[in-house]
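Following this message is one structure expressed as structure tokens.
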Amino acid sequence: MSSLLQMQKVTVRFGGLVAVSEVDFHVHPGELVGLIGPNGAGKTTLFNVVTGVYAPTSGSVQFANCQVGGEPPFRITARGIARTFQNIRLFASLSVLDNVVSALNLHSKNGFFGALWRGKAFRAEEEENREEARKLLEIFGLADAAHAPCRSLPYGDQRRLEIVRALATKPRLLLLDEPAAGMNPTEKIELMRLIRFIRERFGLAVLLVEHDMKVVMGICERIAVLEHGCKIAEGTPSDIRRDSRVIAAYLGGEVANA
Amino acid sequence: MKPRILLLLVVAAFASVSFCFTGHPEASWQLAQLDDYLLNILLMAGINVILAVSLNMVNGYTGQFSLGHAGFMAVGAYGSAAITQIQGKALLEALGFLGAAAPVVLFSLAMLVGGVLAALAGLAVGLPSLRLKGDYLAIVTLGFGEIIRVMLQNTEALGGARGLTGIPPRTTLGWTWAIAALSIYCVGALVRSTYGRGFLAVRDDEIAAEAMGINTTRYKVTAFVVGSFFAGLAGALYAHMICYISPEGFSFMKSVDVVVMVILGGMGSTAGVTLAAILLTFLNEVLRQMQEYRMVAFSLLLIVLMIARPQGLIGDLARFLPGRTRLKP
Amino acid sequence: MNEFLQQLINGLSLGAIYALIALGYTMVYGVLRFINFAHGDVFMVGAFAGLYTARWMAPFTAAWPQWLSALCVLSVTMLLCALLGILVERLAYKPLRERPRLTVLITAIGVSQLLEYTAQLVFGAAPRGFPSLITTRSIPGLGGLHLSNIQALVLVVSALLLVGLHFIVMRTRMGLAMRAMSLNPTAAMLMGVNNSAVISFTFGLGSALAAAAAVFYASLYQAIDPFMGVMPGMKAFVAAVLGGIGSLPGAMAGGLILGVLETLVVGYSGLLGISPGYRDAVAFVLLILILLFKPSGLFGKPQREKV
Amino acid sequence: MLEIDALEVAYGSIEALHGITLRVAKGSIVTLVGSNGAGKSTTLRAVSGLVRASKGSVRFEGKDITNHKAHEIVALGLAHVPEGRMIFTNLTVLENLRMGAYLRRDKRAIAQDLEFVLETFPRLRERLTQQAGTMSGGEQQMLAIGRALMGRPTCLMLDEPSLGIAPLLVKTIFEKIVQVNRELGLTVLLVEQNANLALEVSHYGYVLETGRILLEDRSENLRSNPAVQAAYLGA
């Protein structure tokens, strides 16, 4: 099976600091993959390379057989990679619905002149976009709040809205940056169910950066472990749990609890 | 359906009104019969509305902070004056076959040239400024505005520091307010669409906007180009209203005046900044006798406003106007 | 060659003045992360304060040696401006501590205009002469070069002020607190740093340096007016950005570089084929170039936004 | 030692705390648990003067410190290790530790305390001259705690010391917290996501939910409370 995302020998350097060093990594279509490691291990950096926030210093990043390393984020999103953020980044002055609509921009045909002329095709598409956004919100139980300002949503709903907004770009790979941060165990279980549901319903691959071992071990089919910018292990959750390097470097005695 | 009707109305008003009220100073039905003083205030108010609404496109809706609006206005003023004053005679002769309509056609052309030149200047400023944010961007736009001013000062063909005199009086109430309406329509129409949500997304969170597939660079440049196009038109109207322009009139102070209108009206509220522009124009006239105290009072007002009501004085009121979805700053 | 050296001397004395003003921008930016737009106008007030101080002190200091009375004028002016700087911060900026930077920037524009127009109201719009605190003489024995004693003093006293500033920032507790605040204000507060005191001190220090610059500037050019602070203020800001905003050595270097560059452009405008009127554009062109190619400046550290 | 009564805090129009009342006894470790947005960090920030309380009071060793300035509160011996550590990244480890003793002038005692901190966290000694920002998250957390200890506080507030740190180091850090509590008699108020761990080391615990206190009890009782187990311990 060919990979959806394929990273080869990716290195990222900031000045003298090597944040990610020669990492090989891949995600197959429809796969659920986790990326773990202590803070400063390079997870977020790697994530930012995939989404185009940083360009790799060396190495190649391929998505659906195209070289994407170094492309700007908006183009990478257009290719089918969407993401959420560790610290929620919704568009604060927009309503819940408009947050989703803004992400539909990518696949809209009407641009500058369409918006000025406001012709038939334009109005049809506007209606279509609103309808589509509403449908997405409905799937995630947010339709009732469609016209509320997004900041008025409770924390958990804001996280979900961020996922909805990412899905509106019609991705084939969804990147979730610490989605369980700040959730209690009940919410975490709910989140795990949600991630599985998204994968089935939208048929996409999910890459997860997460600290919470229970979440990562619970839903990921494959896990990669980073430390000091290097990949020190990769395998199924049970492989990772038993990997001596991972235990020494990261899990310590906690593994029994996880 | 509604917006298009509005657009048609605007265009119709633009064509008929402007044509009627130019060219024949003797015509008894001309609005210039209005008290000259009042007419001037009304013209200035319209020009200020265009300036404030267009700056709001950049500062309010797209979240970029430009302090160089007077520079774009200058480009429009000088660009249009180059057509009607410097090249005016020759061009009027060439348009002679149009008869009485020739000056009006020439003026339209001049405005268009002024607007397009300003838009190009906006492109030139917008492109390199994209790597900057917030206060740095403010300073760079200020710098661009000053560079434009210094260049005009040193260009003898455009009158240098002495300025340009003898610009034909062509600006009418019709032209001014039709263009003001056009600017309000354009900014409103742009923002209220799926495409236009991109401007607001860029303002709220650039990184997230980019991650949603929004080409933030393109949006920011577009905002600058649209904003400076209308600033250019305002400059053209201004030049053909007072018939004399000099680089000093387009200094950093003028940019600050427009910023004050936008802030008073509430950033990101077209209705608010329109009202603020009109209000400040009139206030300016009322306080003209107390010129020296006026500026002290305005600067104090700005400081107090920022401390007490940074969302602007009028922005909240605009919520009660019909048909506007208010956007929080 | 001689002409070039002459330009260099003129440029350096102008540059020293820019450097003194630039330090105020950079220090305030360091602790508060905002551009104090009104800083150039504090400089202007400094010039008027110098004028009135000199007049007021003249009867008392008539019998003193010139250097002593000049020093007195300089110190009193610096003190007055330090108070003004602290006052402005307390009244206008302090209520905005937690607000977005742009709100503060706009307020600063308001403060700038308030100072300008109030000065216009009080002192009149027409330029005023500035008294010679020290009789101008040319320093002999430099070949064909012209170096006035005022220029020399400007350079020497500026250098002394810079050394003093360096000592305050690097060796005193207040300096340590300033550095800690510029790195992480919250953490500094949790270490027991009184942030309001540090901010006041920073404003006072920066304003005092601007006042010194104003006395030098007015002594060199001998005319002052309510809008004289606008251009030097903006140019000093450019100098601060050129050096890397937040960096003290950067502000000094930036000021000197800008002063020399500007003087050279005017001096060689014929050779460059441009009008000397482009003098004021030099700083802005430079600003745009730096921000495009090295936004962190010569001495600044690049910053990445966290995602 | 620390008494918080009916404390309310609002960010703009959004209320973060709706009347929190809690007590921290001298020499004890007290923990606040709850999910994100429950108001745990806000409580600490209000106590240390980083945010203003709109209502209620905070008393420290009998003295009212409600809405006092942060630097005055530190001077009383109430130290706060903030969330995200907030070390001075561009300063060296030693300079960071010296900043911790900013308010003190007794050179000899400072030297002693430095020695104690370096004994407690040997890793810091190895890195004394290194720029603090280049250390790992766990080491930075140790530095942040060490820095707070340099002020010789009588009460230490810790905000999420385990956040983003390898599980391996989390254990060490919690051991150190218990150690300083025992050896110095230091009172500790601990805010922690990892409720399991927090309730294990603490004597008394409060459970916060959306700005209110839901439950309070001795830590071992909370750990065996089925409701807490279900919601926070993931049993």
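Residue numbering begins at 1 within each chain, and the chains themselves are lettered A, B, C and D in the order written.
One rule holds for everything that comes next: contacts are C-beta pairs under 8 Å (C-beta built on N, C-alpha and C of every residue); 3 or more make two chains touch, one makes a residue touch a chain.
It should be emphasised that the depicted structure is a prediction, and the values quoted were computed from it without experimental measurement.
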Reference subunit A; chain at largest CA-centroid distance: C
Between A-D and B-C, the pair with more C-beta contacts: B-C
Distance from the mean Cα position of subunit C to that of subunit B, given in whole angstrom: 34
CA centroid of subunit A to CA centroid of subunit D, Å: 32
Mean-CA-position distance for subunit C and subunit A (Å): 48
Distance from the mean Cα position of subunit D to that of subunit C, given in whole angstrom: 43
Multi-partner residues of subunit C (each touching 2 or more other chains): 307
Shared interface positions of subunit A, touching two or more other chains: 53, 85
Residues of subunit B touching subunit C in the complex: 65, 128, 131-132, 134-136, 138-140, 142-144, 146-147, 150-151, 153-154, 161, 207, 252, 256, 259, 263, 292-293, 295-296, 298-300, 302-303, 306-307, 310
Touching residues on subunit D, where the partner in the complex is subunit C: 48-50, 69-71, 74-75, 79-80, 82, 86-91, 99-100, 102-103, 147-148, 151
Subunit B-touching residues of subunit C, taken from the complex the two chains share: 34-35, 92, 95-96, 99-107, 109-114, 117-118, 120-121, 230, 234, 237-238, 241, 274-275, 277-278, 280-281, 283-285, 287-288, 291-292, 295, 305, 307
Touching residues on subunit A, where the partner in the complex is subunit B: 51, 53, 72-74, 77-78, 82-83, 85, 89-94, 98, 101-106, 108, 110-112, 114-119, 122, 125-126, 129, 149, 165-166, 168-169
Parts of subunit A lying in touch with subunit D, wherever the complex brings them together: 17, 37-40, 154-155, 181-188, 211, 213-214, 248-255, 257
